[in-house]
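There are two complexes below, and they share chain A, which is joined by chain B in the first and by chain C in the second.
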Partner chain A sequence: MMNDDRVFTLLQHGDSIFPSGSVSFSWGLEMLKNDNLVTSSVGVEDFIESQLHDKWGTFERVVLAHCYEHAKDLQAVIPADNLVECMTLPSELREGSKRLGSALLSTYVKLDNPVAKQYQAFIHDNKAHGHLVVSQGLLWHSIGLPKNPVLTLSAYNFCTSALSAALRLGLISHIDFQMTLTRLGKSISKILTWPVPEIEEIHGFTPVSDIASMRHEKSETRLFIN
Partner chain B sequence: MIQQNSRNGPARVGIGGPVGSGKTALIEQLIPRFIKRGNEIAVITNDLVTREDAKRLQRSGLLAPERIVAVEAGACPHTVIREDPTLNSQAAENLDREFEHLDVILIESGGDNLASTFSLDLVDYWMFVIDTSEGDDIPRKRGPGIVQSDLLVINKVDLAPFVGADVNLMVKEGLEVRGGKHLVLTNCKTGEGIEEVANHIINNVLFD
Partner chain C sequence: MGNLQLEFSTSPGGKTYLKNQYAAYPFHICKAQYFENDPPGMANIYIQSASGGIYEDEALSTNVIAHSSSYSQITTQASTIVHGMPHGMAHHSVDINVTNHSYTEYISDPLILFPESKLCSRINVFIDETSTAVVADSFLLHFLSGDGRVFELLNSSLQINTEDTELLTKDVYRVNSKNFLDNNRSYIGMGTLYVINRADKHQHLLESLQSSMQVNKDVYGGVSYLPNHCGLLVKFLVKDGDVLKKTIQDSWIAIRQYLVGVKPNIRRK
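Presenting the complex of A and B:
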C-alpha cells in the first residue's frame, strides 16, 4: 500500500502534463492509418493490445524491471541499454526510444535529479544510449516509487501516448479513448502477473508495426516522429 | 521580457504565429543579417505535416543543412513549444553541444492560432508574426500571442491595400492591446523592417 506522498508522486510523474516529449510519437500508428490498416477504434485497440502482449510485456517490462532493480549500479544498467539498442531494429522506433528517454532525463536534470545528471553524462560521453524504459527505471526508482507502480506507470504511459496519437489522427473519439484505456488496463494487470525473466531473454514480435515504422521513415507527410 | 533562468549557452528566440504569416520568410531574412554581424546561428523548425520549412531553409543555402533541425509536433504545435517543449529543448541542447560557438538559435513554431505562446524555459525572447491579409482586426482580437509576445511583427504590409487592411489601425490597436510593447511592420519579401526586428533581438538577447 502506498502512502499519500507516494500516490501524489505517482500522479505527478504519470500525468500527461509531465514534460516527456511523448506527444510527438505514434509508435507506427500513423503509417498504419495512412495505409488503411488501422481505420477504427477496434483497430487501435488491437494495435495497442498486440504491442503490450508481444513487445512491452516481453521486452520493455523486463528491461524496466532490470534497470529499476539495478538503479544504484549504473554500470549494470548500461548493458541493458545496449541490449535495447541492438534489439530494436526499426530505426524510428530505436531513435524514438532514445529521444524520449533522453528527453525524460533532461527534464529530471532540470529538476535537479542527481541520477539523471549522472546518466545523462554517460550518454554525452557515448557510454550509454538512454532508451526510454532504461531512463524510466532509473528515474522512477530515484524518486522513491515502488516497483509495481513503476511497471504499471510505464505501460499506462505507453497506452495513453498511443491513444493520444490515435485521437489526433482522427481514429478514435475522446470517449473511445477512455473505454479502450479501461479495457487495456485489464490486459496490463494480467501482463504484470507474468514472471520477469532474465534480461538476456527479452524478445518481441510485432512485425506489422515494425514494418509500418520502417515505411514511415520514408514518408513525406507525417505528423509524428515515428 | 527577459526571464532569469539557470540555462547557459546560445540565446534562444521563438518565432510563432498563424499558418502562412511569414515566419519562415522572416527567418530567411534574419539569417544573413546575423551572419554579416559575425553571429553563429542555428534554426529549429516545428513542421506540422511535412518537413517543408526545414527543407526550404536547407535548400536556401543560407546555413549549413546540419544547422537546421526539424522537430515533428505530433499535430500539437503549441504543446511542443509551451506545455511540453522537451523535444525542442533537447534539439537546442544538441545544437549547442555540436556547435560550441553558437550565438543564437531561432525556434520556429508550427503555424498555430492567436493563443499560441512559448514556454520561457524554452526561449529567452519570442516574437509573434501576423500579416495584414489575415484582416486588420487581428490585433484587437488580442489572444496571448498578440498580447504577451516580446515583439509583434505585422508582415506583408505591401498587401494591405489589396486586401482592404488598414495598417495604421493595426499599429494603433496593436500598441493598445500590448500596453505599448514594441511592434514592427515588415515585408519579408523585400526586407523592409527586418533590420529593426534584428535590432530588437540584438538589444534584448545578444547585448552587443
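Presenting the complex of A and C:
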C-alpha cells in the first residue's frame, strides 16, 4: 500500500494538467481517421487496446521497468535508451518519443530535480536520446514512486493522451472517453501481471498504426505532431 | 541443418562473380546470371529449395558476403511455404555482410504461412558506410478450404549493424492470429523493404515511394527514415498475395532505378 504522501505524488505527477507535452500527440490516430480506418469509439478502443497489448506491454513496459530498476546508475540506462532509438522505426514516433521525453525532463529540471539535470546533460552531450519511457522510469523513480504505480501511470498517461486526441478529432464524446478508459484500466491490470522479460527480448507489432504514422509524415492536414 | 553460403567478389574486369559457394540440402543454386539493364557485371543468384518449403524443427541458414565493389542480387525462385507444425517450430536465419563499395539486393519472395505453422525468422545485415543493401521481407497467410485453422506464430527479427557490429536498427515483431487477423480478415499479408545506405539521406527516393504508397489503393502502406541515418523503410499491408508480390516488385524497381539510374528488367520466375 502507498502512504498518503505517495498517493498525493502520484496524483500530482499523473494529472493531465502536469506539463508533460503529450497534448499534441495522436500516436497515429489522426491519420487512421483521415484514412477512414478508425471512425468510431469502438475503433478508438481497438486502436488503444492493440497499442497496450502489442507495444506498451511488450516493449515500453519492459524498458520502463528496466530504467526504473537501474535509475541509480544513469550510465546503465543509456543502452536501453539507444535500444528504443534503434527499435522505433517510424520516424515520427521516434522523434515524438524523444520530444516527449525531453519535455518531461525539462519540466523536472525546472522543478529542480537532480536526476533530470544529469540526464538532460547526457542528451546535450549526445550521449543519450531521452525517449519517453526512459525519462518516465528515471524521473518517477526519483520522486519516490513504487514500481507498479509507475508502470500504471505510464499506461494511464498513454491511454488518456490517445483518448484526448480522439476527443479532439471528434471520434468520441466525453462519456465515451470515461467508459473506454474504465475498460482499458482492466486491460492494463492484466498486462501488469505479465512477467517482465530481459530488455533484449522487447518487441512490438502494431503495423497499422506504424504505417499510419509513416503516412502522416506526408499528410498536409495535421492537427497533431504524429 | 540446411546451409547456403555465397561470397561475391569482382574480377579485374569489373565483373562480379561467386568467389565461394556452398549449398547443402535443401538449398540449391545455379550459376550466376547476368541481365540487361542491371549495373555492369551484376551477378544474379536464384535460390531454389529441393524440399518444397520449411518443415517442423528445421534450422536453415544463409550467409551472404559481398565485397570488392561487387554488385549482386539474391532472390528466391518462388514463394516459400512454411508448413504446419503441430509440435515444434522452424528456424531460418540470414546473415548479409556488405562492405567495400558493394551493392547487394536480397529480395526473397513471400513466406506462405500454412495453418499451424510456427517460424522464427532472423535477418542480420552488417554494412559499412560505402555500401548499399536492399532487403525485402514479407509474409502471406494461407487458408485451406473448409479448414478454420490458421498459422500460429511468426517471430521475426531484422537487425542492421555496422561492419563492427554496432546496432543501427532493429525490427522485431511476433505475429499471431490474435494480433494480425481481425474478424473481416482485412489484411492477410505484410511486406517490408529496407533500403540500407549510411552515406545519403535519399530524400527524393523517400518522397517518391511515399507518393506511390499514398496512391496505391490496394495496400495500406507508408515509408519512413530508419533510425541512425541508415536508410529507408517501406512497409505495407495487403489483402491478397498478387498485390503483395506486385507491390514488392514495383517498390524494388523504383528503388533500383533511383539508386543505380537504370530501370531493371522484371525477373522471370
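One rule holds for everything that comes next: the second predicted complex is superposed on the first by the 226 of 226 C-alpha atoms of A that agree within 3 Å, B and C clash if a C-alpha of one lies under 4 Å from a C-alpha of the other, contacts with A are read in each partner's own complex, and residues count from 1 in each chain.
Please note the rule applied: contacts are C-beta pairs under 8 Å (C-beta built on N, C-alpha and C of every residue); 3 or more make two chains touch, one makes a residue touch a chain.
Everything numeric in this text was worked out from a predicted model, so none of it was measured.
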item: First, second, both or neither for A:Arg168, with chain B first and chain C second; value: first
item: Partner chain(s) touched by A:Arg99 [first = chain B, second = chain C, both, neither]; value: first
item: Partner chain in contact with A:Phe224 - chain B first, chain C second, else both or neither; value: first
item: Contacts of A:Arg6 with chain B and chain C, given as first, second, both or neither; value: neither
item: First (chain B), second (chain C), both or neither touched by A:Lys127; value: neither
item: First (chain B), second (chain C), both or neither touched by A:Lys147; value: neither
item: Which of chain B and chain C A:Met214 touches, first, second, both or neither; value: second
item: Partner chain in contact with A:Val23 - chain B first, chain C second, else both or neither; value: first
item: Touching partner for A:Ser91 - first (chain B), second (chain C), both, neither; value: second
item: For the chain A and chain B complex, residues of the former touching the latter; value: 17, 19-26, 99, 102-104, 106-107, 110, 124, 165, 168-169, 220-225
item: Touching residues (chain side chain B, partner chain A) in the complex; value: 48-51, 71-76, 79-80, 83-87, 89-90, 93, 97, 121
item: Chain C-facing residues of chain A, complex; value: 35, 37, 50, 53-54, 58, 82-83, 85-92, 94, 202-205, 207-208, 210-215, 217-218
item: Residues of chain C defined as touching chain A within the complex; value: 167-175, 179-180, 187, 190, 207, 210-211, 213-214, 220-228, 233, 235-237
